[in-house]
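In order of appearance the chains are A, B, C and D, and numbering begins at 1 in each one.
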Amino acid sequence: MQDFRVELSVRDYECDLQGIVNNAEYFHYFEHIRHLFCHSVGLDFAALHDRGVDLVAIRAEIDYIQPLRSRDRFLVTARMERVSILRWAFVQQILRQPDGVVLAGGRFLVTSLINGRPKVDPEVNAGFEQLASGVEAEADSGPAAG
Amino acid sequence: MQDFRVELSVRDYECDLQGIVNNAEYFHYFEHIRHLFCHSVGLDFAALHDRGVDLVAIRAEIDYIQPLRSRDRFLVTARMERVSILRWAFVQQILRQPDGVVLAGGRFLVTSLINGRPKVDPEVNAGFEQLASGVEAEADSGPAAG
Amino acid sequence: MQDFRVELSVRDYECDLQGIVNNAEYFHYFEHIRHLFCHSVGLDFAALHDRGVDLVAIRAEIDYIQPLRSRDRFLVTARMERVSILRWAFVQQILRQPDGVVLAGGRFLVTSLINGRPKVDPEVNAGFEQLASGVEAEADSGPAAG
Amino acid sequence: MQDFRVELSVRDYECDLQGIVNNAEYFHYFEHIRHLFCHSVGLDFAALHDRGVDLVAIRAEIDYIQPLRSRDRFLVTARMERVSILRWAFVQQILRQPDGVVLAGGRFLVTSLINGRPKVDPEVNAGFEQLASGVEAEADSGPAAG
């Protein structure tokens, strides 16, 4: 069973004056792929927000191993682990393409807020359980990149 | 002959508190595709910068026709027109997919700086002439999205 | 009578691999000061959005005259002009500090959407008229920077 | 002895479709204040980069405690701890103003690269030792916000 994975490439505006991708952009990459991962089981952040449910990170950990540079191609992966009733962890990596070298790792602890308070939402819970079970990953024939 | 075009999709972090893509992101989309367009004739912004040549916008005009929303798919197009010895214009559009409705238009006047001063660079000039001639567009079999 | 004005300084993450502020950030600077300008007459974008009113740009024009670099200090100005019943223009500049050299100019045509459709909102209209009259500007003793 | 601290306020474009500041922006806030902190002892990222020295994060940890919203005012703090010959940690917080409630905490492990390889740079080392000694903090009469 393989992690969820999507290929992206570096856009020049994501690089900073050091000529490498700014550290904050890794949050964007990881977040974007978490959203696609969630969407693969029908969880949509905009739709959830419209009915008062927000999925929020409560802790982020990123290891920067080697920098990304202009036009680099890379895979972003995601898998899900349950941590408690209300907390889930996304475990993610950035792998350079085509050689697969690990450039960064991330772990994001998330929870659901209902009208601003931590609370289990049944739809979110069911979706996250499906993500954690890894069933989705077998159907990973490819969300559109971009 | 068709304009250069690349398909992208909206990433949630590009939306602002109004739930639509923030206006500044359109600059990013247009810029990213200009860079891919330039790269299609061998012009690389990072490499040019390393030898003292910067391509910079001197005027930007964007018409926002309909907003982009979470997960929308869209084409970004680009074509090039010579304006003067030192100035070139990229004319661009954002077309919703799959229906092709025009959501935004952009026109970006650019010039080349050599060590900070406006000056013609032969490599840039040759590349831009090739872009303006439209020869590249016929080979548009598809830069990787993302 | 003086335009509304707020001092900002360049944050390093706003610079790109050319070592200068990325073109899209100018849009952020201008937008941020438009929001403070509107707020000076009581118009708050988040509060307006919550009651179904969105102020959106329909056209942006930016002239880039000289680049901004790491740690540069600059004023962003704003004044308002009525264009039609539904359309207003913010006219803005970026002035280097302390010498006041004009580094960029911007003109942003905006309108109000009510539940997604162009329509006059009385609160917005009254606020914009006050901004256009310039009465506010005389009281410009200084919104907090940042 | 007090940590280095600078007051900022939320800009609307930093909020995402959930109406709260996007997680990646916290990284920007923390980074910006680290750069001001370093600059308080004469270390300038752009100048260092120009002579081949880059200060890079190798690990980031952020705890998101309560969200930041449109127009919130907050202090970002920074102090420095030596971890090894080559590694230093910035320990930071975001404190809501005016009540001082801790909204987020961050720990950023950094190192210096010389021409891309981890290596001690004497100027960086001396500056970081000064930051870690806390001598600077006593002189914290106020870097300009923004």
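Note that in this section a contact is a pair of C-beta atoms (placed from the backbone, for glycine too) under 8 Å apart; a residue touches a chain by one contact, two chains touch by 3 or more.
Keep in mind it's a predicted model, so treat the numbers as computed, not measured.
Distance between Cα centroids is largest for the pairing of chain D with B.
In terms of C-beta pairs in contact, the better-connected of the chain pairs A-B and B-D is A-B. Between chain B and chain C the centroid-to-centroid distance comes to 25 Å (mean Cα coordinates, whole Å).
Taking each chain's centre as the mean of its C-alpha atoms, chain B lies 33 Å from chain D. One simple way to say how far apart two chains are is to compare their mean CA positions; for chain A and chain B this gives 28 Å.
Chain C has residues 12-13, 15, 17, 19, 22, 24, 28, 31, 45-46, 70 in contact with two or more other chains. Taken in their complex, chain C has these residues touching chain A: 12-13, 15-17, 19, 22, 24, 70.
Chain B makes touch with chain C in their complex at residues 17-20, 22-25, 27-28, 31, 45-46, 49, 54, 56-65, 67.
Residues of chain A that touch chain B in their complex: 7-9, 11-13, 15, 19, 28, 31-32, 35, 39, 44-46, 49, 69-71, 73, 144-146.
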